[in-house]
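Presented sequentially are two complexes of subunit A, the first with subunit B as partner and the second with subunit C.
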Partner chain A sequence: MIAEVPNVTLPRLFQISRAVKETHDTFTFELKPLDGGEFTFKPGQFNMVYQFGVGEIPVSISGDPLKKTSIIHTIRAVGGVTKAMRKLKKGDVLGIRGPYGTDWPVLRASGHDVAIVAGGIGLAPLRPVIYHVLANREKYGKVILLYGSRTPLDILFMKEIEKWRARLDTEVAVTVDRASGAWRGNVGVVTTLISKAHFDPAKTMAMVCGPEIMMRFTVQEFITRGVLKDKIYMSMERNMKCAVGFCGHCQWGSNFICKDGPVFRYDTIHDLLMQREM
Partner chain B sequence: MENLESVLKEHAFLSDFPDELLPVIVGCASNVRYDTEQFIFHESEEAKKVYLIRAGKVAVEIFVPGRGHVVIETLEAGDVLGWSWLVPPYYWHFDARVVEPTRAIALDGECLRKKCEENHEMGYQLLKRFFTVLSSRLQATRLQLMDVYGAKADW
Partner chain C sequence: MRHFVPGNDKIVIDSKELQKLFDVLLRHGYTTIGPTLKDQAIILDEISSTDQLPAGWTDEQAGGTYRLNKRNDDAWFGYVITPTSWKPYLHSPAAKFWSAKRNGRGFDVEEDKKEPAKFAFIGVRACELHAIAIQDKVFYGKEFQDSAYVQKRERAFIVAVNCSVAGHNCFCTSMETGPRVTGHFDIALTEIIDGEHHYFVAETGTDIGAEILREVSITPATEEQVQQAEKVVVKTESQITKLLDTTDLKNMLARNLENRIWDTIGKRCLSCANCTMVCPTCFCTNVEDVTDLSGDHAERWRKWDSCFTVRFSYIHGGSIRNSTKSRYRQWMTHKLSSWVDQFGTFGCTGCGRCITWCPVGIDLTEEAAAIRQGEKHVAVDDEL
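== the complex of A and B ==
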C-alpha cells in the first residue's frame, strides 16, 4: 500500500473576501478557501502566498488563530510581487501554501508577564499573539504592547491599538521615530519604552518582531531590565522560497529560517546574530 | 506631607542617589507645573534649569522653516529634560513644548554647578547619572537616524 503524501508545493486556492488599505504602503487581505474547508495556524507562522503569473512570497499570518474560516495577511508593498498584489481586489484568487514555521511561545508564556515589542510591519506577525493572550487573559500576568513606527501615518491597526489601550488589563504604548508638532503621542525609538514599562523582569516572556537592528537593541534593553535570555523570542526574516527546508535560500548557519524559525529563542541564536554577512 | 526631598527621592533619576547628598540638591530644587502648549524653554535662550519630570509629556522639538515644528523626542514621568545647563555657554539647543499638563522638579543649573564644584562627591554622583541619560539618548538617536523601518525587502 502506498501512503498518500501531501504535496507541500501545491498551493490551495483562496479568494480575497476583504481588502483593506492600512497605510500608504501596507494593505490587508482577508482570504477564504475556495474549497470551503478550514485553515488553522499558530501565532507566528507564515504562509507562502502565490499571485499566479507574478510570484510567490512568504507572509506572516496576522489574523486571529481562533477564526478558522479565513486567513488574514497584512502585506507591505516593497517589491515587484507585493506591489502587484496591492492592486488585487475582493474576489481575486491567490494560491496559499502553509502554514509553515515555528510559533510564538504563547503556551510557555502562561503564568508570565507578556511583553510584546513590535516595530513597523512587525506588528502583523505579533497580532495573533495579542488575540490569543487577550482571549485567554486569565492565564497571563501583565500584558504589555510596545509599538514603534516610522511616522504617525505608518502606524498599523490604529483602531485596534486604541481598543487594546482602552482595556484596563493591558499596557499599550506607541511611539514614532519622527513627527510634526501636530502628533500628540510619543516620539522616540521603541526601545526607550522598555525601561518605563511595568513588568516583572524575573517572570516576563518577551516577544519581539521588527527590523533586525531594532530587535537587537530591544533585546539588549530587556536584558538590561533583567529578563532572562531564554525568555526572549524574536522573529527572523530571510529570503524564504520553498518554506520546507529544501532549497536553502533562507539558510542561516545551521538553521533554515522557514523550518527552524521564523520564531527563535534569543539564547539559541545569539552567536548567529553577531555573525556578519549571515 | 510630601516634601521636596522625598519627591526627589521618588524620581527615577535620583532614586538611588546617596541619602546624605540629597539635601544638597534640595537647596537647588523647586516645584513647577506647565499647561498644554506652554513652552518650558526656547532654542537659544539661556539654559538655567534642568527638569525632572514627575507627570505629563513634553516634546523636545525644533522649528524648521517650511516644515514647522519637528519633534525630536517626547519625555514623560521619570525622564530628565535638559542638559545644556551643564555645558558652556549654557544655551538651549531645542524648544521644549508641553504636550500634556506637566509637573516637574526644576533644579537650578547655576546652583547645581556651584555645589558640584564645592562637593566633588555630589558632582560625581550627579554627573554619573547624567552620563547614563546622555548615553541612552545618544543610542536612541543613533537608532532613530538609521531609519530602520525604511523599505528593504525586494519581493
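== the complex of A and C ==
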C-alpha cells in the first residue's frame, strides 16, 4: 500500500475583506479564509499568493500575529502579477499557500533593545515584529524603528508610524531620499539614522529589511556601533516559484531562501552577502 | 521507499529467456521502459520486447560528441549511457499541478486525480541509480514531499544492468557511484557474451525484486558464471580514464568563487542549458499559468527550468545572475559544493552527459582541476 502524499501546490481560498490603497504603488489586502478556519504565522514569514489565471507570488505577511481570523498582505505593484492584483476589490478571491520560511527573532530579542531598520516596502514584513513587541512591551528594552523611504509620498503606514512615534516608550525616525512638498523631516539614506539612535549596542537585537544594498550598509553601521554579528538579522529576497524547496529558483549559495530564510542571522550569510551575482 | 535487502542467490537467465522479464513485468501492470535505437542514438523509450533492445550497437562519447558504432558482438546492453536519463519518467518535464474554474468572483481548484504511472526501468546504470537516490533526497523533503514525484517513485521497479563498457566521459569511479551497481535496485543484471553463450547473471535487491525474478528464472548461476560476471565490471572499471579529484572539493570551490577560471569558462559557455537538461540530478522547475480564451478555466503547470537562463534569477529590477560566468558558476558549484551542504552528497554522479552534450565541450572535471590549479598559483603569488 502506497501512502497518499498531500499535494503541497494546492492553495487555500481566501476572500478579500478589505482593500486599501497605501501609496501610489502599494496596497493592502485583508483576507479571510473561505473555509472559516484560522490562520497562524510567525513575524517574518511569507505566503504564496495566487490570483486566478494570472500567477502566484511570494508576499510577506504584514499583519498582527495575534489576529488569527485574517491575513494582512501589503503588496507593491512592480510586476505582472502584482499589477493585476492591485485591481482586485473587496469580495474577490485569492489562493494562499503558507505560511513559509523562517521568522524574526522576537523571542530571542526578549531582554534586549530592539532596533528595527526598514527601507521602502521592507517595513511590511517587519510590522508584525512591531505589533508583537508593542503587545509584549515589558519584555523588551528600548524599541527603535528607523524607516527610510524614497520620497514623502512613498512612506508606508504613515498613520501608524505617527501613532508609534507618539508613544513615550518608542523611538521612531523617518528619512526620505528626496524631499518634496512640505517635508520637514530627515533627508538622506536610512543608515545615517543609526549613529543617532539610542540603543545599547551590547544588548541590542537588530532586524533589517529593505533593498539588499541598503541592508549591507545598515549592517555595517550596526557593526560599527558595536552590535554583535549574531544579533543582526535580515530578510532576503530571491526569485521563488514553489516556496517548498523543489523549484531551485531561490538558491543563494547553499541556502534555499524559501526554507532556510527569508530571515537570516547575519553571521551565517556574511560571506555570501559580499559575493556578487550569487 | 523500499528497503534494500540484497539476496544471497545469483540466478542465471539465458538471453532467450530474458523476454520473460518483460512479460512478467507487463503482467504485473508495469509500463516497461528500456534502451532502444531511435534518432541515431540509443535512447530510453517504452519497449516490451528484447527485440527492441539495441543489439550489437554501442555509443562513442567525447566532449561535444556522440556517435553510434557497431559492436563486434550482439550485446543488448553493450553501450555506455543514453543521452537522456530516467529523470523525465519520475520528474516530468511538464506536469499539471491542478486546474481551476471561475466561480462568480472566486474560483474552484481541482486536483488531477489520475492514477500515477507505474514504470519498470530496464537497464539502469550504477551512476543512474545514484542519480535517482540523489533526486529522492530533493523530493522526499523533511518538511514537504513532492507528491507527483513520490507517487511515481514509490511504484517504480528498477532493473539495473552493470556497465560492460565505459566511455571517455565516464568518471563514476571518482564520484564513487559506479561502475558496479551496489544498491537502490530491485533486480540487477550483468550481461555476459562468452562465445556462443549469451546470458545474464541476476541478483535481487528487494523482496519485490526477488518475487519478480522467481517468475523469470530459478536457475542458480554456476561459480564460473558468477566469476564471468565479476570480470565484466572489473574490465569496465579499468577502462575509466577521466578523473575528478574530490579531495576537499566542496570547500575548494566555495573559497574560489572569484577564481579567474570562471571568466574563461564564461567566455566559452553558450548558456544553452543542455547540461542541465541531460543532467540526471538537476531538478529546477518553473511554473506556468495557462488560461483558455474564455478566461474561465486556468491551469498551473510545472516545467523543467535551467539556472542558465537569465530569467531564472529575475526579481523586480533585474536578474541576479546576469553574466554567463555567474550562471555557470552557480551550476557547477551547486553540483560539486553547495549540494553537499544541502543534501549530504554531491549533485554529480560522474555520468559525463554534461560533457558529451555541451556544444562547445566544456568538461567540468577539467574546469574543477583548473580552478584547483589556479588556487595554488594564487597562493604562491601571495607568498612571493
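What we mean here is this: the second predicted complex is superposed on the first by the 271 of 278 C-alpha atoms of A that agree within 3 Å, B and C clash if a C-alpha of one lies under 4 Å from a C-alpha of the other, contacts with A are read in each partner's own complex, and residues count from 1 in each chain.
Quick note on the criterion: a residue touches a chain if its C-beta (ideal position, glycine included) is under 8 Å from a C-beta of that chain, and two chains touch if they have at least 3 such contacts.
Because the structure is predicted, anything quoted here is derived from the model rather than measured.
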item	value
Partner chain in contact with A:196 - subunit B first, subunit C second, else both or neither	first
First, second, both or neither for A:80, with subunit B first and subunit C second	first
Which of subunit B and subunit C A:119 touches, first, second, both or neither	first
First (subunit B), second (subunit C), both or neither touched by A:55	both
Touched partner set for A:15, first subunit B, second subunit C, both or neither	second
Touched partner set for A:213, first subunit B, second subunit C, both or neither	first
Subunit B versus subunit C as contact partner of A:187, first or second or both or neither	first
Subunit B and subunit C footprints on subunit A, overlapping residues	55, 78-79, 237, 239
Subunit A contact footprint on subunit B (complex, rising order)	57, 59, 61, 67-74, 76, 78, 97, 99-100, 136, 139-140, 143-144, 146-155
Parts of subunit C lying in touch with subunit A, wherever the complex brings them together	97-98, 100, 102, 105-107, 109, 111, 138-139, 141, 143-148, 150-151, 154-155, 257, 283-287, 289, 291, 295, 298, 300, 302, 305, 307, 312-317, 320-323, 325-326, 329-330, 334, 337-338, 341-342
Parts of subunit A lying in touch with subunit C, wherever the complex brings them together	2-3, 5-11, 13, 15, 34, 50, 52-56, 78-79, 91-93, 95, 237-239, 241-242, 244-249, 251, 253-254, 256, 259, 275-278
In the complex with subunit B, residue positions of subunit A that touch it	25, 55, 57, 76, 78-82, 119-120, 148-150, 154, 175, 177-181, 183-189, 191-192, 195-196, 210-211, 213-214, 217, 237, 239
